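In what follows, a single structure is set out as structure tokens and then discussed.
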Amino acid sequence: MVHKYEIRVRYSDTDQMQRLHHAAYIEYLEVVRIEFLRSSGMSYKSVEESGYLLPVSTLEVSYRRGAHYDDVIGFETILEVISEVRLAFHSKLFVDSTLIATARVELACIDAVHFRPVRLPEHLRDLLSGTAVD
Amino acid sequence: MVHKYEIRVRYSDTDQMQRLHHAAYIEYLEVVRIEFLRSSGMSYKSVEESGYLLPVSTLEVSYRRGAHYDDVIGFETILEVISEVRLAFHSKLFVDSTLIATARVELACIDAVHFRPVRLPEHLRDLLSGTAVD
Amino acid sequence: MVHKYEIRVRYSDTDQMQRLHHAAYIEYLEVVRIEFLRSSGMSYKSVEESGYLLPVSTLEVSYRRGAHYDDVIGFETILEVISEVRLAFHSKLFVDSTLIATARVELACIDAVHFRPVRLPEHLRDLLSGTAVD
Amino acid sequence: MVHKYEIRVRYSDTDQMQRLHHAAYIEYLEVVRIEFLRSSGMSYKSVEESGYLLPVSTLEVSYRRGAHYDDVIGFETILEVISEVRLAFHSKLFVDSTLIATARVELACIDAVHFRPVRLPEHLRDLLSGTAVD
């Protein structure tokens, strides 16, 4: 499944190069992951409330073109289930039909008390196995 | 007592107007308050660890001139103890000797469990009464 | 005219108090002003492209309740035309039906070359006079 | 040459996991690059003023441990001159003596008018060749 989502570039996220600042992409990608989960039937809020956290363990972004204020960035995202503990989201970012960036963000499931790796909760694994690409 | 502190404008905090974005001042003012407390002998971290929070209740900022990337902003701050529950920090912001902004930020002390107003911890009141202006 | 808009609280905008950080409201209010203008038939992007800037001159925010991650904040905003050079946006922020904050943000029109006050462009004044409250 | 720099974790950069948000590392790394250049005798501001920009082309971050509010992060950074157009900064991040993250950030030199790749200005290449690792 390819999840599609759009985010409009905020003025406060531009910098004096008059482009979207490279760190802001990271915040947008987080919004996209959360909406990916929501569209799969899972609120990340409820994941945290049930005692799990999904912090980012690795981040890789390749920037090809800048994005401008007020541009609408289209995100196309697929999910990779790496193990019972790890997930990765792969995104392509477009403005109009131009690829402006690609990203891979890996998350590790940890428990909210001890901050130690744990298996993803079973209902999340079940949900995600239906949406992940093989 | 006037507390003085300097913060250099970060590239990521500029916007496409090629000035420091107005929301970033609010983050800088928070750094300044925390360093004000530290210089008075109090770590805000320890305030939170002892069960108190100091969220912002009101914010007033007047922007006179823009600040540029790499400018060093000088903050001159005084403390007003409004009551046993409320504090306000008054800051003047300078670049070189030009006043670029003024700010007043009011904080309310609440307990970290119920998020209800409580009196500032006594040792904080004692410390601050020595640094506040009448 | 009361302009209504909704923004969902982003994870990256929370802080360790587990509430929306007070500076993030300022960025959300900017999004709201831009969507207010868009709904009135004016893109702020085109305002800048025609040589005008609308930087914030004063900011007043009163915070009553915290907002949580994933909350949807409803903004109700009215416009006040102060003069031919100055505008102010007055917003009320709600989560569910609870008022969580109020804000007044004043903007001054300046020219993009000299950064000096100028009258708002006529088509913007015409548009806004129809949406402003008396 | 290994460049060393310290940045204290800001409250506004924490998230509700009560750790430094993963996107804020990216902003801190930018500060570190700019201070690296300054310590080599080059202000990034003057680079931009002479018509060059150094946007990020790729970003790789590996997060091992979280950082807390008020922690002082120590950055150890070396420079790799990839070509006459490209640079990469490799950083190790420590809190106390614990490695919490590693990062590689690649920059491409472009001209500020056409946003096209150009060779790094000669004086920058000369300066950096003295500080880069072979």
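Going by the order they are written in, the chains are A, B, C and D; count residues from 1 in each one.
Everything that follows uses one rule, which is that a contact is a pair of C-beta atoms (placed from the backbone, for glycine too) under 8 Å apart; a residue touches a chain by one contact, two chains touch by 3 or more.
Here the structure is a predicted model, which is why all the values come from computation and not from measurement.
The interface holding more C-beta pairs in contact, when A-D is weighed against A-C, is A-D. In this assembly, D is the chain whose CA centroid lies farthest from the centroid of subunit C. At the interface between subunit C and subunit D, over half of the residue numbers involved are used by both copies, so each side presents largely the same positions. Subunit A and subunit D have CA centres that are 23 Å apart.
Computed centre separation for the pair subunit C/subunit D is 33 angstrom, with centres defined by C-alpha atoms. Averaging Cα coordinates per chain places subunit A and subunit C 28 Å apart. Subunit B has residues 11-12, 16, 23, 27, 30, 69 in contact with two or more other chains.
For subunit A in complex with subunit D, the touching residues are 16-17, 19, 22-24, 26-27, 30, 48, 53, 55-63, 66, 115. Interface of subunit D with subunit B (complex): residues 10-12, 27, 30-31, 34, 43-45, 69-70.
Across the complex, subunit B meets subunit A through its residues 11-12, 14-16, 18, 21, 23, 69.
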